[in-house]
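Below: a set of structures, written as structure tokens.
Next come two complexes built around chain A: one with chain B, the other with chain C.
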Partner chain A sequence: MFRILEDLVLSSGLVNLTPGNLVMWLVAFTLFYLAIKKQYEPLLLLPIGFGILIVNLPLTFLMEPEQGLVWFFYHYGIEKDIIPPLVFLGLGAMIDFGPLIANPKTLLLGAGAQVGLYVTFFAAILLGFDLKEAASIGIIGGADGPTTIYLGSKLAPHMLGATAVSAYAYMALVPIIQPPIMRLLTTEAERKIEMGKIRPVSRLQKIVFPIITAMIVMLLAPPSAPLISMLMMGNLFKESGVVERLTNASSNELINIVTIFQGLAVGATMTAAVFLNPKVLLVFCLGLFAFCVSTASGLLMAKFMNLFLKVKINPLIGAAGVSAVPMAARCVHKVGSEANRRNYLLMHAMGPNVAGVIGTVVAAAIFLKNLG
Partner chain B sequence: MTDWNKVIEVFGSGVLGVLLIMGFLMILLQISFKVIEYFERCIEKPTSEKA
Partner chain C sequence: MAELTSPINGKVWKILVAVGDKVELDDEMVILEALKMETPIYSEENGTVSEIRVKEGDAVNEGDVLVVVT
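== the complex of A and B ==
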């Protein structure tokens, strides 16, 4: 009897537990708390947290190459670039590019915010990261989870968990991170600038937009093809109005299913041996830096554009150039309406907000062209 | 050992590349929207004249 019990204990994971596993459990429980209690990006942080928990239970071999269940999700979903483009298909079917079509100049604000990515890339190099790792860290500033995962899996897969969690965690913290930077870089008079009504956009313009954007971006930056093609196809489904079933499938069932596998697979890369590393702390610090610099560069781009525009734009909308749809736009609207109660900036901020999604994909494509 | 020439190349081509691609996309979109608006106005005119 005693021998059976001894065998049971010795063959269990309990005797193989390491202090590192226990620390990773704490990380997983922290993500559960943030997702369930605080409701910070629960759709991602919950499966990521569960992935961390199960991969840090000894002898389960869930991430064992060619054997573990989660390894297959990771290998075919993330390493083979299936999941991030499918998430983009769903996003495309959900996003309304109307505010961007009404004011294409906001594309420049989406581009301006990407400067923060490259400043962070430079800062990461100075802190001792190699070029590929620095690019994976810089892309966090784009505030775009699927693009962060897509680039990270290609350039620095050993840091994928840290960069992805950092991106999603800071996206949830946009309402806390952005307002102080907005107030610091704008005057009261600038924040009070009112913007007129957005011009109406015809159905034909909405249909033509994804086709032209897909063609131009893929011709100029071919490595962006997997992401931008899916994003624009999803949007074409939505705007064409003739494939309601495909639009619904992309924006509901498909994106929900791939989100589960994306979160679980990313979380499962965070084993104690990989994650408990002083560099991971630096990744989180640089991720925050990337968010701040991207917000600032978007704002400064708007102020620069105002030097040439007859009808001035409210520079706050530049801060929405860091994707994080739609939190960044809501944040801009809140700060703008605090300065001037008649200010209604939400729809104006949605233009740079969705332009930021395209801008981050272009930035990732340029990183891949140079370093991939 | 960091290859600083490569770092500067990635930094410069990244900042300029994103701005150029997005700027080019903006110009092409503006042109195509103007063309669409022109045709939509042309189609609307005969309809309103008939009415």
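== the complex of A and C ==
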């Protein structure tokens, strides 16, 4: 009788708990709190938090290779790079590239805001990370979840949880992180600049854009193909106007389904043994640094362009060059309207914002080409 | 007579004035919603609301007339 009881206790998860597991529970609970109470990116943080919680319950073997349920999600979804491109398919079906087509020079802002990636890449190397780790940390500055996961799973899978969570966390914190930098680097007069109406874009232009962009980007940077091809096909679905069912499936059901498995699988990489490591704290600091430098470089790029432009742009829209669609554009709009209540920058900021998505994918492709 | 037009594409979230209301420069007239964000639209002059061309929930494009003030 006593033996049976003893067996029951020894085979339970309880006696196998480590202090690290308990810390990870706290991390999971913190994410639950942020997602549910603060509504910070709940669609992402809730499944990630649950993933963290369940892999830190001992003896469940959920992440046991060739055996655990969540391992299969991770292996086929993330390791084999199926989910991030599918998320991009859905994003493409949602994104309106109109503001970028109307004002193609905002493409430069989307590129300018990628500077933070490279600065952080070198900073991380100086701090002792190897090249592959440094690249997957730098990409956090692009503020693009799927691209961060895509690159991280290829270059530094042991840090995937940390890089993905910090990318999503900083995206949620855009309204807190960006405004001080925006105010610091622009004058009141610059923030007041109104940008007028956006040039109307024809249906033909909107249809041609994803086709041409897909061809150019993939010819120039072939490793970007999985992400860019899906992004642009989704956008072609949307703009063609003839496959509403496919557009809706991509931008609703499909992206929702893969988001569940992406979050759960990413969360499940965060076992105590992997996550509780001083390097992880550094990843979060460097990620924040990347994000700030990207914001600043986008703003400075816009100010630089203004030296040559007859009709000045509002330099605030440069800050939207970090992808974080549409959080960064919203933030630009808000800061702009605080300086001048008749300033409606939202759509103008969407140009660099969507350009930033393309810019981050290209940056990831360059890292992959040289390090992968 | 002046037409207050929408500066952005979005949805009409709330209409804060009614026909016959006296409005002043910079009064909040309409709140639009775009990209999950509320954007207030302010009156561009003093006058009386003579016509409201949209209703709450309508989708509007940039340049569409929202309210007419005389």
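FYI, the second predicted complex is superposed on the first by the 371 of 372 C-alpha atoms of A that agree within 3 Å, B and C clash if a C-alpha of one lies under 4 Å from a C-alpha of the other, contacts with A are read in each partner's own complex, and residues count from 1 in each chain.
Everything below uses one rule, namely that a contact is a pair of C-beta atoms (placed from the backbone, for glycine too) under 8 Å apart; a residue touches a chain by one contact, two chains touch by 3 or more.
All values derive from a computational prediction rather than experimental measurement.
With both structures placed on the common chain, the touch criterion links A:L131 to chain B but leaves chain C unconnected.
Look at A:H333: by the touch rule set out above, it reaches chain C but stays clear of chain B. Judged by the touch definition given at the top, the superposed model places A:L236 against neither chain B nor chain C. When the shared chain is aligned, chain B comes close enough to touch A:F209, but chain C does not. Judged by the touch definition given at the top, the superposed model places A:Y344 against chain C, while chain B stays out of reach. A count of residues in chain A touched by chain B and by chain C gives the higher number to B.
Against chain C, the residues of chain A that register as touching in their complex are 197-198, 326, 329-330, 333-334, 337, 341-342, 344, 346-347, 350. Within the complex, the chain C residues that touch chain A are 7-9, 26, 34-37, 39-40, 42, 62-63. Across the complex, chain A meets chain B through its residues 101, 104-105, 107-108, 110-112, 114-115, 117-118, 121-122, 125, 130-131, 135, 202, 204-205, 208-209, 212-213, 216-217, 220-221, 355, 358-359, 362-363, 366-367, 370-371. Residue ranges on chain B touching chain A, taken from their complex, read 2-3, 6-7, 9-11, 13-15, 17-19, 21-26, 28-30, 32-33, 36-37, 40.
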